[in-house]
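You will see subunit A twice below: alongside subunit B first, and alongside subunit C after that.
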Partner chain A sequence: MSLLSVRDLRVEFDTRDGLVRALNGVTFELDKGLVLALLGESGSGKSVTLRAILGLHPPSHTRISGEVLLKDRDVNRLDEVERRAIRGRVASLVFQEPITALDPVYTIGDQIVETLVRHRGLAPADARRRARELIDLVQVPAPERMLRSYPHEISGGMRQRGMIAIALACEPELLLADEPTTALDVTVQAQILWLLRDLQRRLGLAVVFVTHDLGVAAEIADEAAVMYAGRIVEQAPIGELFARPAHPYTEGLMQATVRRGQRGIPLVPIPGAPPNLAALPAGCAFAARCRLVREECRTTLPPLYQVRDGHVARCHLVPERFGASPIPKAASVA
Partner chain B sequence: MSAPLLSVRGLRKHFPIRSGLLLRTHAWVRAVDDVSFSVAPEETLGVVGESGCGKSTLARLILRLLEPDAGAVTFLGEDLRSAGRARLKRLRRDMQLVFQDPHASLNPRMTIEDAVAFGLTVHGTARREARARAWRLLERVGLDPRLYGRRYPHELSGGQRQRVNIARALVLDPKLLVLDEPVSGLDKSVQAQVLNLLQELKAERALTCVFISHDLNVIEYVSGRVLVMYLGQVVETGSVDALAESPKHPYTQALFASAPTMDPSRRLERPPITGDPPNPVNPPSGCRFRTRCAYAMPRCAEAVPPPILLASDHAVACYLYDGEAALAPV
Partner chain C sequence: MWAYVGRRLLLAIPTLVGASIIVFAMVHLAPGDPMSAVMPVDASQADIEAARRAYGFDQPLPVQYFRWLVRVVQGDLGKSIATRRPVLQDVYDALKNSLVLALSASLLSFGIGIGLGLLAAFRQGRVLDKLMSAVAIVGVSVPHYWAGIILIIFFSVQLNWLPAMGASAEGGAVEYLRHMALPTIALALIPLGVLTRVVRSAALDILAQEFVLALRAKGLGRAAVFAHVVKNAAPQILTVLGLQFGFQLGGSVLVETVFSWPGTGYLMNLAIFQRDLPVLQGVILVLATFFVLLNLAVDLMQTLVDPRIARH
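After this line comes the complex of A and B, so read on.
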């Protein structure tokens, strides 16, 4: 049994511009103690996936189908009381902007204590002791001062450490991280990535790490799923993904990203822009931007093909480019 | 090096923090403190640094959108301090700024073609001629004017809006382009499109650029020379090759070492430095990096280290290199 199992997850938003199909059949599994990066550009559905795992999309204006099994319980079939019991204790969320996620009128210490009292039923004195332990866990140089500080009084990196301490307060097995280092400076990002990796190993956490940055995924992930227009288009162990990208979108992203030593070598951008999620094409959503496009791509949605063991890509050209065969439906991961 | 197109000497800007009933000044944000550099014609100077290092304030000081507290900006051989209003308006045709957030910097009620033509009409070009030139530029930056000219900024994607901003900055045929984080808010695939476009335009129009970014990879890609800022001060300058191959200042070294490798088999073993950049309000005395520096010595707290010239075009402001070479001429 996997800790997290997402099956054919679909999320649609009713908006003034029509029905926005944000997720169009997302399937993946995550075992204990592993880090999965959801990699994609804006609008690819990576944050929508993360919120759907905790059942955070408001029921009005949202249509959700498919399964999200957290420890074998389907989040979509639980009522709000049962969901609240899952949040924090089984899975908890770390946001991109801790300054908007933290409450500005309470100190960091109060916010950790409140979480412990409400969700774990600790007595205030015990909660304060535990809060201090949590602050030590996220490696803060001046823990007592940190506990007494309001969010605006500390730096962005310290705020993110505070956010992580709150997320870990109820000892979850799964951490959902939504671009937690995107708003930070690069020297601070390196520290937070290192901290998350260290905590993940020591506590045996599973992590779903949402990022748009290939470099960040390379630093933190065991495995990566590349998303485009609400679907996973490629999934592989992280080293395999960088060594052998099989989907033209993944290849395109790698060629479009500026790297060290790129000077003098023109970048190869991906032409055009992602499709409108309110008017998705019938075939492959990447077809309009793909350099290898052919007729069937525009009409037929490609299945996931196996490129190698544990490496799948949703592209009609995989069989001839990599000599792979489609995955039988029963054994399919999608 | 030929005569510089832009030269900045001892530039300083401190912002007062006022509070209380009488709005007394009780602290100063030392945004830019004694910054000097020059840019040769057709060169691209990359300015790199983290949040609060003063890079955006520097951009605004160069164009004299902000008045400096001290120091001089010399552009095309002319001291901007002594330029009157009319003269400054004329000089500004030759120096244009591209902002980070293309949404906030475009007037939401102005169509794309009007936004691009606006600068020309302000400078006295007839409307019909201004529109024709705006169309040519929109075409050049990859936006079909027949398709996009009449649209409003909210109807465009982030990448398209940044193209409009670039067209708007270039419509007056400037000599100098100051770009403040021009690709930061964009997705990677779109970022590459805009970076390639900027490189093409720079070559076509023989532009001189000051390119400001927090992203070291982008800076390394576009720049000939690089200036590294930390808390309002320049800590290292040099050719991009010198800096990339052997960064000297402990901060520059940490900056390079902190960037993700894009190689899962070569992950960071340990974070190169600890702590966040301190608040630019009341920064540390002496070398401002000393609070995070592994090599800090007592003398680092005493006085700001002067720039030390290590090679003809590589200077570092750090006492570790004291005695290695001559002091850089100011």
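After this line comes the complex of A and C, so read on.
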């Protein structure tokens, strides 16, 4: 049994511009203590996936289908009260911008304490003591001051540590991290990344780590799933993905990223822009930007092909490039 | 924090001086000779000149201003030209009545307005929201003197439930409250509409922010999220509360006149028609001072709610 099992998850938003298909059948699993990186450009559906896992999309103009099994309970079938019991308790969310994700008129301490009171029913004094422990856990040099501080009084890195402390307050098994280092200075990024990796190992956390940065993914993840236009187009163990990118989009991402020994080799951007999610093409959504595109790519959605054991890619060219065959849909789970 | 309080207090002084200059100038720039209202029609030119000298109207304006200011600071607002009673006493009595009316109207409009605004925000786009918005628009659009007249026609003339005029000093508290009822409602309509709209939009601004999603993401229930939203919207709402209370205190000329409520607005109206300059100046100055102090109080209260304000 997996801790998290997402099956054929579809999320559509009713907007003034029509139906926006943000997620178009996302399937993946995550076991306890493992880190999955969700890679992709803005608008590929990474954040939508995280929010759907917690059932946070407003029901009034969102249509959701498929399953999100968190400890074998389908979040999509739970009512709001049951979902609240899961949020922060079984799975927590860390946001990209701690300055906007923290309430500006409450101290960091109060924001940790209220989470503890909510889920643990702790007395205020006990919750304070636990908050202090959590601040120590996220390695803050002046913990008492941190607890008394409002978000605007501390640095970006400290704010993100506070955010992580809130997320970990009730010892969740799953951490959903939505580009937690993107908004920070480069040196601070590395610190937060190391902190997260350290915490993940010490606490045995499962993590879904959303990022557009391949380097960050390589640093922290066991496995990576590359998303494009609301679908997972390639998924593999992280080393395998770097060694053998099978989808042209994944290759493009790698060529557009600065790597060690890059000097003298020009970066190659991916031409064009992601498709409009309100008007997705019939075939492969990447066809319009793909250097290897063929006629069938424009008309037929490619199935998932198995490149190697544990490595799948959604591209018509996989069989001839890697000698692989399509895998039946029931087993299309990496 | 205390430095901020001190700075705000110091800033209030030039504001008050500015208000006093405007009050003084406005009244003196208005056309019409105050003497013509008090002197008998058959008074000789020499008598009129003598009266002008007695009241100090023959001096240059700056001199008149400074003399006036010095007396004002000592608590002497002069004597009414029409009644010869001390202006301070008249203003004091009127202010008491207006304060009572403003407080009751504020209680009514702030309570309902904040409630409706929050309700509308948390039910955004649904029937209830649209209904609240309609109520708000009616509130801000209906002229309150007209609403006052309608109230009188309906509740006093047709139904004969409530008195239409005056503030009854005899007859005890119940009679006083009965006299207050209609003017309170008429006065509460505009702030009710303004508050509903302001509170709704302030709460919607907060609800759209990411931290509200973050609060839900950590499992907080509706009541807890509501508390966060209210605390975040409070500084903006407080500003409007202060302004609206000030308006109700001084801006009720029409309502007080319609209901013959012996407050500052009624007194001002009387003073305008009698060209009673000292009274007019006194009322406006006292109200302006109240307004400045009210805003000062609001600013200081905001720093208690929002830790970011004292920094700027």
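Operating definition for what follows: the second predicted complex is superposed on the first by the 328 of 334 C-alpha atoms of A that agree within 3 Å, B and C clash if a C-alpha of one lies under 4 Å from a C-alpha of the other, contacts with A are read in each partner's own complex, and residues count from 1 in each chain.
Here is the rule we use: a contact is a pair of C-beta atoms (placed from the backbone, for glycine too) under 8 Å apart; a residue touches a chain by one contact, two chains touch by 3 or more.
None of these values were measured; they are calculated from a predicted model.
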**Asked** Touching A:Q189 in the superposition: subunit B (first), subunit C (second), both, neither?
**Response** first
**Message:** Touch test for A:I270: subunit B only (first), subunit C only (second), both, or neither?
**Reply:** first
**Request:** Considering only the touch criterion stated at the top, classify A:G18 as touching first (subunit B), second (subunit C), both, or neither.
**Result:** neither
**Asked** Touch check for A:Y106: first (subunit B), second (subunit C), both, or neither?
**Response** second
**Prompt:** Is A:G310 in contact with subunit B, with subunit C, with both, or with neither (first, second, both, neither)?
**Reply:** neither
**Touch count on subunit A, higher of subunit B and subunit C** = B
**Complete:** Seen from subunit A, its contact residues with subunit B in the complex are 41-42, 141, 155-158, 185-191, 193-194, 212-216, 218-219, 221, 238-239, 242, 252-253, 255-263, 266-271, 273
**Item:** Partner subunit C, residues of subunit A touching it in the complex
**Value:** 51, 54, 56, 60, 84-89, 92-93, 95, 97, 100-106, 114-115, 118-119, 150, 152-153, 163, 166-167, 169-170
**Message:** Going by the contact rule set out above, which residues of subunit B touch subunit A in the complex?
**Reply:** 50-51, 157, 159-160, 187-193, 195-196, 199, 214-218, 220-221, 240, 244, 254-255, 257-265, 267-268, 270-277, 279
**Fill in**
Touching subunit A in the complex, subunit C uses residues 125, 209-211, 213-221, 224, 228, 231-232, 305-308, 311
